[in-house]
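Multiple structures follow.
Both of the next two complexes hold subunit A, though its partner changes from subunit B to subunit C.
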Partner chain A sequence: MLDVYLAQQIVNGLSIGLVYALMAIGFTLIFGVLNVVNFAHGEVYMIGAFAGLMLITAAAPPLLAVVVIVLTVGAATGVGLERLAFKPFRRFRDEASLRSRAMREATLLSSLAVSIVTREAMRQIFGSSMQTIPQGYLLQHPIRIGVLSITDGDLIIFASSVVMLVALQFLLFRTRTGLSIRAVANSPLGAQFVGIDTDRAIMATFAIGSMLGATAGILVGLYTGTITPQMGFAPGIKAFVAMVMGGLSSIPGAVICALFLGVAESITTEFLASGWQDLVAYAFLIATLVFFPQGLFGVGRERA
Partner chain B sequence: MRISLLGALMGAAMAWAGSAAAQTGTIVIGYELPLSGDSSHYGEVFRNAADIKLQEFKDAGGMPGANIVLRYEDSKNDPKEARNIAQLFVDDKSIVGVLGDFSSTASMAAAEIYAKAGMPQLSQTASHPDFVKISKWQFRNITTQSYEGPFNAGWMHEMGVSKAAVVAIQNDWGLSCASNFADAFKAKGGTVTSIEYFNPGTRDFRSILTKIARAAPQAMYLCMFYEEGASFLQQRQELGVAAQVYGASSLFEDQLIKLAGPAANGLFLSSNFMPANPDPNVQKFVGEYKAKYGVVPNQFAAQAYDAMGIMLVALQKAGPKVTRDSLRDALAQTKDYPGVTGATTFDPVTREPQKSVVRMTISNGEYMVTQ
Partner chain C sequence: MSAASVPERGDHPTLPPAFAKALLALILFVAVPATLSGIGGGYLYQIATTALIFVILAASLNLVTGTAGLLSLGHAGFYGIGAYVAALLSTRLGASFLVTLPAAGAVAGAIGTLVALPTMRLVSIYFAVATLGIGEMIYVTLLNWTDFTRGPMGIRSIPDIEMLGWEPHSPMQQYLVVASVAAVSLWVLSRLTHSYFGNALRAVREDDQCASAMGLNVVHLKIVAFGASCCFAGIAGALLAHTANFISPDQFQFGESINILAMVVVGGLGSLPGAVIGALLLVILPEALRSVGDFRMIAIGSIMFFSILLLPKGLLGEASALSLLRRQFGEAWSGRPGPPVGWR
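== the complex of A and B ==
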């Protein structure tokens, strides 16, 4: 049964999954701290791609320089997003407001609003069609490994995911900023009581999460050749599904589930049809929620 | 909610203004098209082209005794919106005819309302076979898949292709594109290895390509638009799938070559419109469009330009006291309209347009006419 075509399908699936994983990392980080979904993460990803593309068209720098600048743009976007959509809902410092689900979940809608406004504004400016990317920057050069075919983009995206995961673990567990982020994630109120500047920690989380998101955007944009204002939407949903399946706040869990989703999609195409991909992906989500309500890698955290 | 209420109020105000103006000889043509959302770049092209045609018509003297006005409404290519707009247009007594919508799905959703109310509707792009069968009020300025599919199947047969796979977008248009081609190809004795449908918005075709490679067809037939086409062609090159690629005319777009780069070379497709055509009508249109919008018009622009032209000729025929009925009858008599998408005649019985088609291929990053 396992022939070359099926093996190629698994490779295809892993590379789709890596795209979701790259996005899920930043997404899950922000969720882990704030306990709320940042619907604008897909737009951060899109802005990263556009910023990178504008830089490429204007100055044609080497890819590494593009990534460094996109990281900066991502951090700025994240901080701006936090100020715009999240901070206003934390202006009451009393315990009732801090514990209020409504206050927290209102940011679900405010981030959704920012996401829609950003996407439509970008459509007005750039149009909704695919942007032309200089051919030399596309990460689509085929690399043959025996009979299997991958691209340089697959390798770069794989390497980026690994670097991001390792860097994130280092940051979270080896630095003071990471310590304060973990403290806020554990208990925002408790963190405040022991004198941690929670606003700062949250801002840092957004900056880091959005740096990862924006970098994912430009890399995936160059890899798929698709840079459009709506590019963040579909992978955003898949990253969300991966995060939920992975147990909401487990970053490695989200990555594993993202890879699993990608492979599920390509295998579905092989044995059923491409049109069934999403159905199969969401069926796995429902099955996970029914049989593992904490997610596959969840730790069953206490939620206020 | 607020916006739609505001829209309704504005619509009512415009309708009132429209009916007041009707007595002073204003004829309004409604145009429903996507101006926001994922398909907005098609709608913008339609609007650009229709504006040019209307301006040309007015510069050439216009219509004595009447001022023709276009009223655009944004359907987002959404069937629900298309129906709302159809109702709005039908209720506006100053509107005698409608252009649009973009996709077959949206056009057909709106068509049911136009059919019931008796409003002539001319779509520049709805190519689903059932569209004009809805009622005598539906017209289109695009050869349908029941014409294009067999044409391309015959072409592939001539080129010695006997085993082909079909890749099609999962919507009304994609289904009819795939089935018309597949039926004609099988009728010529060819084998269709599989028809692979993908959801709109798909940009990763590697799984489909790998699946097709297993069946090893000589050629693939693509029922999709240029953005998906560009991704498909790039990924075909990445995976090194050897089968030749033929495509529906929907792929014909300069942007396809820009997006796909060298991966686009070798694609075969047919089209009604080619900007390099030396025909003076085509050159006039291409020149004006380029001067005004800075880009060479694509096939979609050409179809909207001709749809507007056909509408204007019919209005002229029906005279300044035009009604929805008289405009429909005038549209039905369209014969040898000298458009940029070939001389167009509406079949008196089926109302299907008849046009001439050219065969093209992409070589060295350019569209070339081929045999």
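== the complex of A and C ==
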């Protein structure tokens, strides 16, 4: 007989894990296509939350409309981010510089710089304290299923994650845009040779990844009730960990590892003070890197 | 590496090496204190001390990230270890500065070496992620191990620097102590960077497989470089603990690692004078902007972004920094007869 408290913790962990998964997908998509880490992904998540909150306080539309508009804002943010922090560093297109470490680290550092500036600018504008969210929008109404108690937020996050995952699979494997994204991910130079507009494919990748990130931001903001300029940092790092554990370019791997991380964290709180739960994620990260350098679900990547 | 442009002797005007070193020492120990005392600020001395601490941090990160090409995102963790070792030793055991400073360096260096042992076989982004994880693990430990580190409250009233009964109370005396430690650290780091050891690290950075085929022990070199870098980060932490008298875990978070990285990037990855310039710029410029408002992190982020965009090599790129150092400080290049050593 499973301990009820433990089962409750696992359910909580799964809903945290889904949030990490939504962010990890964006990370993984962008890494798969550009082979760079987008450190500003956590800021997209934060901007999604703030955009949704501003919409709610201004017009109070139904939740579905909020999500749709946040999706658009996320796409726009993603495209803007790509223009600002990634496009200028693709000046050189020959194979040597595409593979060079310095170029890759330049975009890593530029996205880091953009994320710092965005976060601090938001802190200047909105202050670093928690924003107030109208009571009616908080996704915290308890629902009881048997002995387990969950909130409607858990269900909404779960449902929308599944919807977005399915939509993403459809997009990647059934549309021409998806085909071009996969082609660029496979080989940027080869994609150019067969006439694919790589810039457009990269932009589409950023738009899709950021849509998922921004939606995760507003849903989690409403679920936990905390929307702050620095809210993107911790889930961003966790999603990053999930991506690395899943093998850097495997979307299913990233999702599974994100769920695993979420559950592991919430079970940790049963044994240790809650402050230590972050340590678990990092310990898993180091263990994965040391014992499975390709990630748990990664295929052998070319050594770079 | 693109240091092919070794200038011919007599191409540029050069100072005698001893004179160039003396000039730098004169600026550090006489000109800066004189100017600061002239303007008359105890607060200015604090900024100068902070700047020197970050100079040590940036120079030590440059050894790993610039010279050896291992992107480390957890440098602040080792800085924190040094600070906590010094603070705990002096508050709990009453140890003097002469004990805490080497102890902080030794503990941070030892932990860095231990951490490096399993992670040094990772390449590129995997290594960066591993150091990020380690830096955050150190932060979480400092924050939550309340019995030992007092957690988020931090450690208060850490004793001032004290050496064999001499206690430098005035800001200028403290500055001079920090400046001496910084000068010695920079000298050691510069000897590490501009030697056969440094050249081996550059070879590893450019192509580790090729370097290992040439007979270099790649993993050993990386571990030694990482350990040395962490050791100096620990020394910087001890200086912070004794000059600021208060430390808390928040000072050693991921953001601080990024600050230090930004200094190295702005100055030019792989260039030791560049790291020094970057550290001075990124500490002093935000202080100058303080009157405008608290835009410190925005300033740092923007400087970092534009320097990557417009000056990909940094303010003083590696190649030019190396040839400058050879001209001004390399005894074997000054035309004086002597045993042939160095990069030829």
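Definition applied: the second predicted complex is superposed on the first by the 301 of 304 C-alpha atoms of A that agree within 3 Å, B and C clash if a C-alpha of one lies under 4 Å from a C-alpha of the other, contacts with A are read in each partner's own complex, and residues count from 1 in each chain.
Just so it is clear, a contact is a pair of C-beta atoms (placed from the backbone, for glycine too) under 8 Å apart; a residue touches a chain by one contact, two chains touch by 3 or more.
Just so it is clear, the model here is predicted, and its values are computed rather than measured.
Once subunit A is used to superpose the two complexes, subunit B occupies space that clashes with subunit C. Contacts of A:Leu138 after superposition on the shared chain: subunit B is touched, whereas subunit C is not.
Looking at the shared chain after the overlay, A:Glu120 reaches both subunit B and subunit C. When the two complexes are overlaid on their common chain A, residue A:Gly190 makes contact with neither subunit B nor subunit C. By the touch criterion defined above, A:Ala273 reaches both subunit B and subunit C. After overlaying the two complexes on the shared chain, residue contacts for A:Pro88 are found with subunit C alone; subunit B is out of touch. None of the stretches 133-141, 223-231, 277-285 or 331-339 of subunit C clash with subunit B in the superposition except 277-285.
With the contact threshold set out at the top, residues 120, 273, 275, 278 of subunit A are in contact with subunit B in one structure and with subunit C in the other. Only residues 37, 85, 88-89, 101-102, 104-106, 108-110, 112-117, 119-121, 124, 233, 237, 240-241, 244, 248, 273, 275-276, 278-279, 282-283, 285-286, 289-290, 293, 303-304 of subunit A touch subunit C when the two sit together in their complex. Within the complex formed with subunit B, the subunit A residues making contact are 5, 8-9, 12-13, 15-16, 120, 123, 127-130, 132-133, 135, 138, 140, 142, 144, 149, 151, 224-226, 230, 234, 265-266, 269-270, 273-275, 277-278. Taken together, the subunit C residues at the contact with subunit A in this complex read 69, 71, 118-119, 121-126, 128-130, 132-134, 136-137, 140-141, 143-144, 254-255, 258, 261-262, 265, 293-295, 297-298, 300-302, 304-305, 308-309, 312. Every residue of subunit B that touches subunit A in the complex is listed here, in rising order: 36-41, 44, 170, 196-199, 201-204, 206-208, 210-211, 213-214, 227, 230-231, 234-235, 237-240, 255, 258-262.
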